[in-house]
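Across the two complexes that follow, chain A remains constant while its partner is chain B and subsequently chain C.
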Partner chain A sequence: MLEILEDNWLLFLIGQYPHGPVGGLAMTLFLAVAGLSLSFPVAIALALARLSPRRWLRGPATAVVYVVRGLPLIMFIFWTYFALPLLTGHAVGGVETLLFALVIYEASYLSEIIRAGIEGLPKGQAEAAKALGLGYFPTTFKVILPQVLHNMMPSLVSQFVSTIKETSLGYVISANEVTFAASQVNNQLMTQPFEVYGLLALTYFTLCFTLTSAARWLERRLAAERGGLGAQPA
Partner chain B sequence: MGYVFDPAAVLTGQYLDWFIWGLATTIALTVAAWLLGMTIGIILTLVRMLPFRSLEWLVAGYVEYHRNVPLLVQILVWYFGVPQLLPRAIRMWVNSHHSEFLLAMVALGLASAAYITEDLRSGIRSIPKTQYEAARSIGFNYLQAMSYVILPQALRIVIPPLINQTLLLFKNTSLAMAIGVGELTYRTREVDSYTFKTFEAFAVATVLYLAISFAIMALGSFADRRLKLEIR
Partner chain C sequence: MIRFEAVEKWFGQHQVLAGVTGEVKRGEVVTLLGSSGSGKSTLIRTVTRLEGIQGGQVLFEGVDVAGRGVDINRLRQRVGFVFQAFNLFPHLSALGNITLGLERLRKMRKAAARERAMTELDRVGLADKADALPSRLSGGQRQRVAIARALAMDPDVMLFDEPTSALDPEMVNEVLRVMRTLAQNGMTMVVVTHEIGFAREVADTVWFLDKGQIVESGPPAEVLDDPRHDRLRSFLSRAR
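Entry: the complex of A and B
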């Protein structure tokens, strides 16, 4: 096992770079970070649309969220894989395809977290903002969302972990991330699949478990914070 | 562009058969993995309730592994890795008996078990300890207290998350295409590469996936409404 790591750690970490495209764990992390950050504005828009009193906003947003929740991610990846080149008019690489699919997919799930956060906030917050004369947008972006995002931190970290795990589907469309790198190593070695994929699993586990633990720590801290606030007379 | 969208072209003859087989395989894989996951999930829940610290840690490790490693990687480990460790005779048997379906089922089932045991545990934990103590004090033994007092109440809390888990499992069976299980996604790609009717093929699969997912979601919200305790 150590020998495999010794011979291939660079491929695992950064793919063929500098002799080829960046890949491996670096690409996995890039995809996860970029996927989640790009999906964030989309998620906020979706969440606000779903809570809107206007039906023409709420209807389509709700439909998007339900369709995404009802489909396997792999279906999205294939749709993007075939539709994106047709729409843009030129060839699209595996990484871009995966990123695009991830952004739509993550945005739907994130929007549900944000929506729950907004609904969970005491109504008094919005009413107080209104009483101070703030309009819809200042109320939403200066009063509601900052509090929601603060409360959401643990869920955001969990969502980041999910995104990291989802990037592994790049393997299916040969996007150059760490699962794909491992399969390349496996194809070269031929005889030690258990060691290669075991190493891959260990890599993901170390990364994701650290983040999951961080999410738990954040959760505890937030709970303590809320307990502190709750102790004050309302 | 001159592209005519014509779903009927992929819904005839052998292509229709492929879709039907794919859908049947997806459903069979979901059911088989669900049963395996439920069985192991219940066993794990019982094991972690025993008064042994080491067993508790073992189950916690099991749960963390399955939650922090991508499901696709777990499937690859089972398909490519595990047979290498088995004795030759068993390996031969596995290889000649649709090993990809079997191993996908094991991978999906074991991963679901990790989530199921968490759901079950939090359900049981949410029942106040006094319920158990009251049951014991009127003369029930451990098993009676569990089966007449604790479990009926815990079930009410556990069913909605379990239905959600079923939805996730159903969607995750699509990952089995990566090891060549002939489920719906795999068959769809096959229809696509034979007919070049890409969008038609994927539209058919999308409709099929959505139909079943929405049915499971509807069941979930029905259970939610039925089982919610009215707090007076």
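Entry: the complex of A and C
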């Protein structure tokens, strides 16, 4: 196992770079970070639309969220894979395809977290903003969302962990991430699949476990903040 | 300044305001008494349409607050509201709670807003807590910041919904002191409170709300010392 690592660690970490495209773990992390960051504004828009009193905003947003949440990610990846070239008129690489699918998928999940966060805030917050004379946008973006995002830090880290794992599906459309790198190594060696995929598992586990622990720590800190001095009567 | 005319409010089948009529004049301090559930909060919340009404009218300076062409956010800037639960924005410092409205609504620059907010904090005796988050303040201090936040908008009238009910007894006075000063400086105020002492000392007029109607109204000496209704009499004996 150590030998495999010695010979291939660079491939695992950064793919063929600098002789080819960036790949491996670097690409996995890039995809997860970019996927989540890009999905964020979309998620906020979806959440706000879902809470809107206007039917023509609420209806479509709700439909999108329900449809996406009712389908496996791999389906989106296939759809995007076949649909994007048709829509844009030229070939789209695996990484771009995966990123696009991830953004839509993550946005739906994040939007539900954000919506729950908004609904979970004490009613007095929106009311105090209203009473001051603040309109919808300053109330939403200066009063409500900053609190919601702060409270949802742990969920956000958890979502990041899921996203990291989901990027592995990029393998099926040859997006150059760490699972793809591992399969390349495996194809070269041919005889040591357990060792190769053991290494891959260890990589994912270390990363995700660290992040999950961080999420738990954040959660405890927030709980202390709320339960202790932070508590304000609702 | 504020006129309630036969105001009716229903929550579903339940009538909370059953024809409230009354007037708050400029510079007047009205305290609103009534047992729990009598509709006190609901009544003052109708002034800036935090609650809508189903019958009658609420007039602010002669204008129906529900009328077409009323810019409700502008109206709300002219009417300060102080909540029982303070409702400070927990992610903003004491100062930030106050500058938010100044910057967003008064379009003040950061420095000017800061200066104005400091003046208001100083007025409630909390200039040294400007940078503290609400979670670092005591209940009494939080409520004083909430009052400063409302005052910073230069309101024509201040509405208080049981501002001291959520406070430990030793913090009640620091808040009442601020309110008393405000009243002495001529602010028009409507105060929902159970502090009979405060009503007696500060109010020009006391309203007693019962079953959605103002059943007694007059100067504190009259209403508090010589109540005509049994309900008020028993309310007062419980409040003491």
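The rule is simple: the second predicted complex is superposed on the first by the 228 of 234 C-alpha atoms of A that agree within 3 Å, B and C clash if a C-alpha of one lies under 4 Å from a C-alpha of the other, contacts with A are read in each partner's own complex, and residues count from 1 in each chain.
Here, a residue touches a chain if its C-beta (ideal position, glycine included) is under 8 Å from a C-beta of that chain, and two chains touch if they have at least 3 such contacts.
Note that this is a predicted model, so its numbers are computed, not measured.
Undergrad: Name the contact category of A:Ala128: first (chain B only), second (chain C only), both, or neither.
TA: Second partner only, chain C.
Undergrad: According to the contact criterion defined above, which of chain B and chain C contacts more residues of chain A?
TA: B
Undergrad: Just chain B (first), just chain C (second), both, or neither: which does A:Pro138 touch?
TA: second
Undergrad: So, does A:Gln147 touch the first partner chain B, the second partner chain C, both, or neither?
TA: Touch partner of A:Gln147: chain C, not chain B.
Undergrad: A:Gly89 contacts which: chain B (first), chain C (second), both, neither?
TA: It touches nothing on chain B or chain C.
Undergrad: Scan A:Pro18 for contacts with chain B and chain C and give back first, second, both or neither.
TA: The answer is neither, since A:Pro18 touches no partner chain.
Undergrad: Examine A:Glu225 and indicate which partner it touches, taking first as chain B and second as chain C; both and neither are also allowed.
TA: After superposing on A, A:Glu225 lies in contact with chain C but is clear of chain B.
Undergrad: Touching A:Pro53, do we find chain B (first), chain C (second), both, or neither?
TA: In the superposition, A:Pro53 contacts neither chain B nor chain C.
Undergrad: Given the touch rule stated above, what does A:Pro72 touch, chain B (first), chain C (second), both, or neither?
TA: first
Undergrad: Mind pulling up the chain B residues that touch chain A in the complex?
TA: It is residues 64-65, 67-74, 76-77, 80-82, 84-85, 167, 171-172, 174-175, 177-178, 185, 188-189, 198-199, 202, 205-206, 209-210, 213-214, 217 of chain B that touch chain A.
Undergrad: Sort out for me which residues of chain A touch chain B in the complex.
TA: 66-67, 69-75, 78-79, 82-83, 161, 164-166, 168-169, 171-172, 179, 183, 186, 192-198, 200-201, 204-205, 208-209, 212
Undergrad: Give the list of chain A residues in touch with chain C in this complex.
TA: Within the complex, chain A touches chain C at residues 122, 124-125, 127-135, 138, 142-143, 146-147, 150, 225, 229-234.
Undergrad: Residue numbers of chain C touching chain A in their complex, please.
TA: The contact residues of chain C facing chain A are 48, 50, 73-77, 81, 83, 85-91, 100-101, 104-105, 134-136, 142, 146, 149-150, 153, 166.
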